[in-house]
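Mind having a look at this structure? Questions to follow.
Order of writing sets the chain letters: A, B, C and D. Residues in each chain are counted from 1.
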């Protein structure tokens, strides 16, 4: 008996018969030569917003970190185990990616938890509470302003993306390479319902829909 | 001017014309009703091993954490920002997934760094060094044992997956739900070159190729 | 010499040769039988957001009030000259319209003035300052919350539409007829740049894009 | 379910497929650069007399106030919410329009109400009664003069336009700019039945049909 959910095995069979079969040469050379993606994406764990799907990306294209609500904890060289910082360091210093995209999305459960912290933590460790505490001040600043719950949610999703892009710059290597023009930072927000992708204007911070020719 | 790498925009156009166009109803209902994935995958950031690709998964199917070398730091309710623990808590307690898969892969850069720590850290913060420190004892235990470098690499990739599955059980909620039969834990290892998926036998810890009908 | 800007005369010639010529019977019967529009629209004076254009409406279809920022001052039977209240009374009690739409739009100059009141009033009477004072509390509630200027603008445009719809209900005749199911109230927001129309969900207050078959 | 009357949605679909589609560049640049109409029109809410239709005007051309019977309450810097004064101030001081047109029309319901005030107000607030009180002295002056009802109606419609143009001059900024030749004031009257536009001769006050080349 194979110890893997049947749905995954069925999907894997499709992969082997389809994509792998069509791209086996690419996979072989990616294995032999190593990966050299030019883009890092910091995305959410959400099952509806996989970067490879949204950007129709093939093997070797995107180096992807996914955590709840696509956060970038600020630079903290304190000897702790910082998963996102480690991935960032690896992407920038070892893979030498040329762009980093923080991609958020609508109806994000983590952002929702930041806006409406439950009286009871999800578990005694309260990991979501602590993790989303990274955007708690921004959530607080949005309270009591007459927006609907859905409007506040979208507003915080976008405010948070601007924060995470700013946090990227708290890493000296990111700041230096961006200054030299060798690394660009981007924000994007995906609307699950309509499929729309909104891209952050780096000057104003506004999210705008790209012109798709 | 849209501030996003052209390759991503081109991919997004494909997504809209292809997958989104074909599945817009599914996206709309996933937006309206919320996500309810039954599987969480803890995978690596590597650009060659996206879970959605390998399992041919559509929107709403997989809740995915990705960090360097698909690690699960052990339960530590210390008030720090633990990204992977937060995702785990959210998947188990809020989404109530019924299975968790730790998926590693061959030629993993993080595992390579654990086996061959560079004299110089990648950056002053040494985030990769600290992060991969989570498997340092296992890497140490493999040294001087006559295996080739490639053999040691594969060995540590698989040892690490067993470790991470064990770390999952350090979370009380995971342990309790697994005990009640409401949550199953899995390990898997993907061979980038051949496309082969090896699945961990929960009793022996061995990795075996599933029978694909 | 005709005392009317030449551009208007040229436009009028087009009207006579085009629309009037094609619909002279309709105009004649609308003159003879009187108007009987079923919809009242409360819209902004903005030159980019004419309701007849956006709803492609012909003669006799829309009873239209236009003031700066499409406001509905609340019911105040104080004997003053209330232009919008008069139009509302006429539409509801005399024309017996069956629906009222408050239509706002993006980049509204009035809303912008509410968010960024100039130190100097536009003229000694400060009519814009007084008029937009109707949404000043809502503008105040949005300050200091980390949104960009453009995001705050859109947020207030939509908050204001919800306010104006609520103000409609401060008129006893509106409230009574709505309660009897003979009058429906609607909010809409027009995006000048993309042409998108967002419609207010009467239950949540959120603005959503209608499905256009 | 979209909460908007179906007729409006259908019209909006026509707009998107027609005018917006043909003029999307113009809409985009009007959004980006802001509006700069050169003409303000003060018109009636009547569904049969939309200025954009009669002057065949495109987006960005006309800044339009619409109230019942196209009135201009005289300058009253009393701190009340004066919608029409606010629009006038905005058009003149902020947009710097170069002409203002007061456009009345035949069979105007508001003028009819001024001539034949109902014993019972339309609603307890009697907003139409109060609003049309602005032309009550003129209506009174027309009584008992042997004209037919229809003649009296047309007469008051035109007397009122002359009044409103005079009221425009009660605003200091209008008077000053007109004196400097930077602002022109106009009257016009539209015949719904025949489509004829009659333009006020600024010297005699008579309404005349313009020569259409």
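Everything that follows uses one rule, which is that contacts are C-beta pairs under 8 Å (C-beta built on N, C-alpha and C of every residue); 3 or more make two chains touch, one makes a residue touch a chain.
A quick note: this is a predicted structure, and the numbers were derived from the prediction, not measured.
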Request  = Work out the mean Cα position per chain and let me know which chain is farthest from chain D.
outcome  = B
Message = Need the CA-centroid distance for the pair chain A / chain B, whole Å please.
response = 15
Ask   = Could you state the distance in Å from the CA-based centre of chain B to that of chain D?
value = 66
Remark   = dist(centroid_CA(chain A), centroid_CA(chain D)) in Å evaluates to 53
Chain centre separation in whole Å, for chain C relative to chain A (CA means) = 40
Remark   = Touching at least 2 other chains, the residues of chain D are none
Ask   = Line, ring, star, complete or other: which describes how these chains touch one another?
value = line
Full enumeration of touching chain pairs = A-B, A-C, C-D
Query = Inside the complex, what are the residues of chain A that reach chain B?
reply = 2-5, 7-9, 11-16, 18-20, 24, 27-28, 30-32, 34-35, 37-40, 45-50, 52-57, 59-68, 71, 73, 75, 77, 79-94, 98-99, 101, 106-107, 109-110, 113, 122-128, 130-134, 171-173, 184, 186, 188, 191-195, 197, 199-202, 208, 210-212
Key: Interface residues, chain C side, partner chain A - complex   = 138, 141-142, 144-151, 155, 158-159, 162, 194, 204-206, 209
